[in-house]
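First the structure, in the form of structure tokens, and then the observations on it.
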């Protein structure tokens, strides 16, 4: 099944599926309502027809003044099919979403990375700490409005424009 | 005291001769002073010899490792890189002597010395050659309890290692020390049992007697069919006892960083280094003396004690080569597997062999079998 | 118990097999090179330190634009005579990652990856290499180049002298200038 | 004997009996394994809670090599980011190049000539061998055998010379580029590769004698760090980690990309030959066999190359502006599924670049795998994941 068929299949069977979108080029995705995301995730994993039992990737996207998007790339081992789920969040300072680490343990570290670099909080995450940056790092580096600090713990950051 | 040992009496004669230059006699010194003086000179000589041997061993180890790994090994300093270890020694001597914060300074400083002292002391009871004129082994102290003394005195090394590991204030060091305690102590059982077999055959605890017993090609390894197996047990247990791979658990570099000597640097580190090679030599020497006829080469070596010393040295070097060969081939065991091997495999086999050899000797099966063969 | 002994025997057997391999290697020839004396022959495609065919370069700066780490620094004035009115063409090898991306877009195909690979230096500034070596330039061109360089040097010297003179004449003014500068 | 794969019972007395401590119970302590530990394969730090030699808790800490490659990907245009992909998984740089190039090509809708695809297959499979050689060698190091490492390097050096001949670099190749490959192969290169493969297959047997079938090594790896099929899927492990657990899954065969559907090769899976399915030995063995299979693919690719059409590179516009859209491409890296997810907003930079590093995902199971193992086993388990920290931290 491709993403469109999956969307048509699950649309009536689970609440919270918000829509299906196809970009000009590349892969299509299914939009999911953030409030229902956890139950949709569980449904995607457990449904016999879908069995999306692997979470390959969790990505945070920043569209300034518009929305935060969390993208889940899912893979189904028994059916050898893939799909992409997107969850839109309103663009406020403290975006948060239900964690799906209990559905897919693989999402644990990916969610931590999304928190670390994008600043999206995952509710119910067992260890919501930074993973790549130091624990006392300020700001979220992959946000579009991020400005690189001029100093970290007394180590100055200088950019040599001219040698 | 001096009558017992050729080396000590030779030292005494040398002192006598030096004092003779100023018109004096050694008898002006009281006997305890004479003994202590001669002992100190002997210990110093032993220490120097071991230090020199370690230089060669380290070079050997690195060259052998290099060749086994399709590379060359040290080849820059001196011919064939022979002076590389000398250069490294100077580097170690010049290094800062670091004692980590929180370490127990006294134990930390004392441990390497204790570790080395035990092994060096054990060499006093090793006969290095045979004096055919006097009919005596050449050694520092021909003690009746030779092998007993050696195993006892070498065991003090464990205390040193535990001291080093505990005093370092480093958890990895502590792991190394605890592993050492467990491993070495348990491997002393098969080691001791396998050493009992030659002692049983020779009928004397002194290694000098063993040397004498095997002159003329009558090596202990040929005495009965169990001896190769006994030697194998001895060698494996010996490897474990001097912490050589595949039993280098106390310093397992991929697990414990560097084990009990993680925090040591400079000269103190080199003491541990020397200890390892010295105990390898000790195990090799005991193996050569107790199983392969010491300095004897099927009686072909004549009666020159120098050549006998050379033959013994050659046997020791072959044994050390094999140790290095093993080290550069085999992966390391896990600590519980090491203990299993010691208690469940080597110890029972050693007991069985001891029993076998006893029965064999008791009924004189060698002669009986010989008769059987010659009759048929 | 029997299992343990069997295992032990098996271990000894495989250990001896492995020792055979190491002994075989022991007698084989080592494969290492004695580096400073023996140098590896690098291939013609090797990506080492660049070399620049200077007479072909038109100072279009496409290479500098293509560089992902911005390590190429080119400064040149509009040519008055010929093509050689350079100020600098430096490559910072502290930054360069030898990806060869600068060589592809060059319209005159004048920048290449060289064969030199040993460029460790004691200071970071020494890693900045001036590519203006004028190698491979014909004598006539070289003369022209030298002429421009001499002219430039003379101009600079004259300017410096004039400045010096001015400074000597009116020391107070220069101090004021400095303050302004600050 | 203690089976480290078995979880420890909660009752302290039961546990003491199990680990043979009798009535001697020990205090637990925290110990830092890394970042400067010899067998964490780079700068990984694992905080261990140990009871004697037995690990009861493990917390991996990563990020020491973090270079924010994803941010760099957003700041540089598509062609310029190519060399940075080399630096993620530096042991399999060709595969990373390929993953990135394929993603951008999919985004731009580029058609790749057949010849370029075959050259890509050859170079990527060779790089797979080179990468697994390191895995083999360093695993020997972890087990305490130093010689296999050098033997592996001996062959790897030859491979690096081959790579140098085709692309000019020995580690960070930047060879597979958007639209094809940078250079066609030089004259005589094919013979050199085939010659090397012949020699390599002989060496491969030596490796097995030296390490694989060594009883001590088997005792160190069999039944250690067993990953069940369920765990494997739940933690999204891929590559040899997954195949080691007995899951017959390979992206090259099951979701074919490039021309992989036209080759014949076996996909090794863990069978529990020496112990349980999914133990360290199985993962190690899968890697060993994969080296051989890659050699097979390379030989077939050379045969196909003789009749292949097209050049080594498609025509690519100088200023590269894909349309608005996004795509994800996953390829089979030596360590697992390497995925690039690129969101394009129609400009010459990516709007968002996301990398699915296989090592990153494979490492996340450590928290579950280490408790119950001994410290020596922890070393072997970390080694069997065959991580490259450059890719974990990106």
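A, B, C and D are the chain letters, set down in written order, and residue numbers restart from 1 in every chain.
One rule holds for everything that comes next: a residue touches a chain if its C-beta (ideal position, glycine included) is under 8 Å from a C-beta of that chain, and two chains touch if they have at least 3 such contacts.
Since this is a predicted model, take the numbers as computed values, not measurements.
Undergrad: If you average the C-alpha positions per chain, which one ends up nearest the average over all of them?
TA: So the chain nearest the centre of the shown protein is D.
Undergrad: Could you see whether B-D or B-C has the larger number of C-beta contact pairs?
TA: So, comparing the two chain pairs, more contacts are at B-D.
Undergrad: Can you give the whole-Å distance between the Cα centres of subunit A and subunit C?
TA: 42
Undergrad: Between subunit A and subunit B, what distance separates the C-alpha centroids? Give it in angstrom.
TA: Centre-to-centre distance between subunit A and subunit B: 64 Å.
Undergrad: Report the inter-chain centroid distance for subunit B and subunit C in whole angstrom, where each centroid is the mean of the CA atoms.
TA: 56
Undergrad: Touching two or more other chains, which residues of subunit D qualify?
TA: Residues 147, 151, 154, 210-211, 214, 216, 219 of subunit D each touch two or more of the other chains.
Undergrad: For subunit A, which residues are shared contacts with two or more other chains?
TA: Expected reply: no residues.
Undergrad: Which positions in subunit C touch two or more other chains at once?
TA: 15, 18, 21-22, 25, 31, in rising order.
Undergrad: Flag every residue of subunit D that touches subunit A in the complex, lowest number first.
TA: My answer: residues 62-63, 66, 68, 70-71, 74, 106-109, 233-236, 247, 249, 254-255, 322-328, 330, 337, 339, 341, 343-344, 351-352, 354, 356, 360-361, 363-364, 368, 393-394.
Undergrad: Within the complex, which stretch of subunit A touches subunit D?
TA: 23-27, 53-57, 59, 61-62, 71, 73, 75, 77, 80, 82, 84, 104-106, 108-110, 113, 117, 130-134, 141-142
Undergrad: State the interface residues of subunit D toward subunit B in the complex, per the touch definition above.
TA: For this pair, the touching residues of subunit D are 1-2, 29, 31, 37-39, 53, 140-147, 149-151, 154, 210-211, 214, 216-217, 219-220, 374-377, 379.
Undergrad: Spell out the residues on subunit B that touch subunit C in their complex, using ranges where they run on.
TA: These residues of subunit B touch subunit C: 64, 66-72, 75, 325-326, 328-330, 340-341, 344-345, 348-349.
Undergrad: Considering only the defined contacts, which subunit C positions touch subunit D in the complex?
TA: 7, 10-11, 13-15, 17-18, 20-22, 25, 31, 42-43, 45-47, 66-68, 97-101, 105, 113
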